[in-house]
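The two complexes that follow have subunit A in common; it is paired with subunit B in the first and with subunit C in the second.
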Partner chain A sequence: MPYFIHIATVLCIYAILAQSLNVILGLGRALNLAHVASFALGAYSMALWASPTNSGIVIPMLISIGVCGTFSLILGWISLRLTSDYFAIGTLAFAALISALLINWRSFTNGVLGIPGIPRPTIFGYDTNNEVFFLILCAAVSLIIQILIWLVFRSGFARQLRAVGERPTSAAAMGIDRRAVLSAAFALSSCAAGIAGVLFAMLLSYIDPSSFMLAEMIVLFTMVVVGRPGSFWGCLGAVLVVVLIPEALRFLKVPYCLDPLPSCFEPIASSVLGQVRQLLNALMLFAVVWLGRRQLFPKERIC
Partner chain B sequence: MLAGEESRPLAITVSDLCWEFEGLKVINGLSLNVHVGESVGIIGPNGSGKTSLFNCLSGFSTPKSGSISLNGRDVTALTSEHRARLGLGRVFQNSGIFRDMTVLENLQVAMESSYSWLTTLLPWNNRSKQIRTAAHAKLTEIGLGDKAHQRASVLSGGQLRVLEIARALAFGSQVLLLDEPTAGVAPKMRIEVATLLQGLISSGKTVLVIEHDLAFIQQFCNRMVVIDSGRVVLDGPTAEIRGNPLLREIYFGSGVA
Partner chain C sequence: MAILPQLLINSLITGSLYALAAAGFALGFRVLGVLNFAHGHLMMVGAYAMLAAIAIPGLAPILQIALVIATMIVVTWILLDIVVLPLARYSPLLPFVSTLALAMALEATVAMSFGVNVRSLNISWWPGHSNTGGSQSIELLGGDFMAYITQTQIIIIFSALAILVGVALILGSTSIGRAVRALASAPLAAQSLGLARNKIIWGVVLVGNLITAYAGILVGLETNLQPTMGQAFMIKAFAAIILGGMGSVWGAVLGSYLLGFIENFAIGIDIGEYSLPAGYKDAFAYSVILIMLLVRPQGLLGRKMRSE
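The block that comes next holds the complex of A and B.
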């Protein structure tokens, strides 16, 4: 049972991360590889500033929103001078910068050893060290953010973002400021990722830089692409698929003794489960990109 | 310059414009004045710098020297977004319609473009509903009402053109640059495009249109400008230019007498 509660909590956090990436990647068609850096900043600002003071949940979230908002504005200010592929490389530099800081600034971030003992808050008298209460907390936060992003998807702002993403020249010709619109979208998605980071730090009560590497970015990327970029419900469905299918492997029994015929079936050893997960993610991403290549990579690519 | 036009204010002033592409002088000292409410047909052989002129006017290309004014204001240093907000609309040679949006959304986004991103983000304004209704009415007017909720990629070439012109008007442009509005459009839709253009001109908008079809220009434009090698070589009332032997030489080649 605790296992299922843990998976549900992870789902809530991933739903925030993937949906906020969907705003940038799906609507704005900007491949922001620094999304995972916002996630890291949220988690580390929780661990570094909020946890020593044990200040509940509102203050850590406000701090991480402030940190991620500032980060996204700097990121946008610099990287939005570039377009398409060059933009993606620019954001990759930011992602590399943040992970290098987390690893090497030992006096501040404790390096690869990470930061243990991140406390969970008590909300309205409910101690979220109880996994069920923590799940409810994550679900509530996730729901609020999903509703906010849903409103964004339905707004005129989403149309401007899609216009800028699809045809920057046409958008400019009708007076839409690409940098202003994309910067705003960055700030929005970065703050949401920061909140996901706060929840993630509370969930594990220990964070280290390995959770915020580029591999994590690829998982998020897979979620958005599998759900069809720019589709709100598709993204949520893809979060379910990408998280649950590898988890299902735990229960799958594979033939173990192959000589001469499979004679006994055993679960996959936990030591290879991680690799199998990555393989599965790669296959899923490949299949979706192959099947949807006409939509994802249209022949006429303008600017 | 036509009689009576002099009294009107200038909509576009281009003076001594130069623009180079990889060392090639595409626009070479071009000067042009267009008054408010004029409809100017721009013709010239391929590669003579017509589209480059439009790119410089709408701010997608940065000129090497020279200046551009829009309604008396120097816009040479302004971005294309800024110029669009000052009332300059552009219809591209290759359709610039957002194909992943619905037909209706294409108009909506143009109508909303004058608002800042923050205003469009706020969910509690009533404006978006009004814009939606207005966009729907506009679509019915141009005969695309039944396609409102379909993706714009299903539209035919002519319908894309009509939608694009409507979209360029939807964000309130007073000066419209049309780059070959009838290229690749079947004769039947050509009439639709023509009707839309006629409406624009009679409503007092300033229209600059690049076109290869001389009959089309003669139908709409009271003034014709011939561009060759990045310069204005002929400029005057359409009927006069039409009979000019120089036009024949530039446009049809010297073999045609």
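The block that comes next holds the complex of A and C.
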């Protein structure tokens, strides 16, 4: 049972992360590889500023919103001067820079050893060290953010964002400021990812840089692309699929080694589970891109 | 500055490795027009193919090399005919995502078959190989300006130079090179004049990937191998290309050597308590990307950025 509660909590956190990436990648068609850096900044601001003071949940979230908001403004200011190829490389450089800082700035982030002992708050008298209460907390936060993003999806802002993403020329002709619209979308998705980071740090009570690598970004990409970019409910469905399928592998007896020795027909050992999951995600992402190559990112047509 | 000669040599070595990786990348980018996020991982695959080849007992060196080349042909086929070409014509975003997926799949596959730990590459027939693992160092200069270089490092510097000059000669002054340049600068016109686009793309990308695999093997000999090395080298190649200028192979080469110098000098120069720890070496490549994108996005040698 604790296992299923854990999976449900992870689902809530991934739902925030994937949905906020969906705003940028799905609506704005901007290949933002620095999304996971916002997630990392949220988690580290929780671990570094909030946990020594043990200050509940509201203050850490405000701090991480502040940090991620600032980060997204810098990110937007630099990377939004660029288009397509250059934009992706710029955001990738940002993500790599953040993870290099997390690894190397030992006096501040404790390097690869990570930061242990992140406390969970007590809310209205309920101690969230109890897994059930923590799940309820995550579900509540996730629900609030999903509703906010749902409102954004129905707003005129989302239509502007879609226009900038899918029909940049027409959007510019209509007087929509690409950089302003995308900067706002960046800020929104970065802050949401920061909140997901706070919850993630509380969930594990220990964070290290390895949780925020490019591989994690691919997982988020898979979620958005599998759910059809720009589709609110599709994204949530994809989060379920992408999280649960690799989890199912724990229970299945499948051949997972390259050489089919009898010993490989066992539940996958936890030592290679990470790689199996990564391979599976990559194949899933590729399969969806391949099958949906005509529909996923339609080219701009002016006719 | 007694450390200066050693810093220069180290910069040259790093720069040569980056130049080989970036030249392969730039060649592919010129003919495909697609950024290959799996490029660093191809380098990693090449090096691990060598690791697998030398583990087969009784295999002649020439066959070991053939095995690596065969692996690279298969990987090139996957890259071109499955991952990039069928998708590139629908949207430029698709190859981004699909090459990212390829990169992750390659990394996971190698990690599953070879393990995630650091491996060292000891090729017994490599010149200067010694049984203790590394190759012997040679003293250069004397007295205050002591500098060391190993035989492998000499090979790195000179073979990189030879390969780059070779590529430049083929691109610049043969009919094949003319066809490649035509295809890169005016794809439609080149095709309508009867150039076989797919054949040329295949040839150029395969050559680029073989150079990349060679760079991977050199990295394995000089340091060691890890499945995650691909990502670091992918970003280094990006940095070199952005420094030098997109779409120009020369720019990529220049950018690589510059990056090698920047990294080694930034870490190596002793400025008392403000000296940077060696771990920040990689952070320089990332900062270089950001600064260049901010100040001069077309790169040092690049032409005006193409707008979309």
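The rule is simple: the second predicted complex is superposed on the first by the 283 of 303 C-alpha atoms of A that agree within 3 Å, B and C clash if a C-alpha of one lies under 4 Å from a C-alpha of the other, contacts with A are read in each partner's own complex, and residues count from 1 in each chain.
The rule we apply is simple: contacts are C-beta pairs under 8 Å (C-beta built on N, C-alpha and C of every residue); 3 or more make two chains touch, one makes a residue touch a chain.
Just so it is clear, the structure is predicted and the values come from calculations on it, not from any experiment.
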Fit-or-clash call for subunit B and subunit C when the two complexes are aligned on subunit A: fit
Comparison of subunit B and subunit C by subunit A residues contacted: C
Which superposed partner A:82 touches (first subunit B, second subunit C, both, neither): second
Subunit B versus subunit C as contact partner of A:221, first or second or both or neither: second
Which superposed partner A:92 touches (first subunit B, second subunit C, both, neither): second
Partner chain(s) touched by A:104 [first = subunit B, second = subunit C, both, neither]: second
Once both complexes are placed on the shared chain, angle at subunit A toward subunit B and subunit C, C-alpha, multiple of 10 degrees: 80
Touching partner for A:53 - first (subunit B), second (subunit C), both, neither: neither
Which superposed partner A:180 touches (first subunit B, second subunit C, both, neither): first
Which superposed partner A:70 touches (first subunit B, second subunit C, both, neither): neither
First, second, both or neither for A:130, with subunit B first and subunit C second: neither
Touching partner for A:282 - first (subunit B), second (subunit C), both, neither: second
Subunit C versus subunit B - closest C-alpha approach in the superposed model, Å: 10
Common ground on subunit A, meaning residues reached by subunit C in one complex and by subunit B in the other: none
Subunit A - residues contacting subunit C, complex: 29, 31, 78-79, 81-86, 88-90, 92-94, 96-97, 100-101, 103-104, 168, 213-215, 218, 221, 225, 256-258, 272, 275-276, 278-279, 281-283, 285-286, 289-290, 293-294, 296-299
Residue numbers on subunit A that touch subunit B, as the complex places them: 151-152, 154-157, 159-160, 162-163, 166-167, 169-170, 172-178, 180-181, 184, 230, 302
Residues of subunit B defined as touching subunit A within the complex: 58-60, 79-82, 84-85, 89-90, 92, 94, 96-101, 105, 108-110, 112-118, 120-123, 128, 131, 167-168, 171
Residue ranges of subunit C touching subunit A (in the complex, touch as defined): 35, 83, 86-87, 90-94, 96-98, 100-105, 107-109, 111-113, 116, 231, 235, 238-239, 242, 246, 277, 279-280, 282-283, 285-287, 289-290, 293-294, 297, 305, 307-308
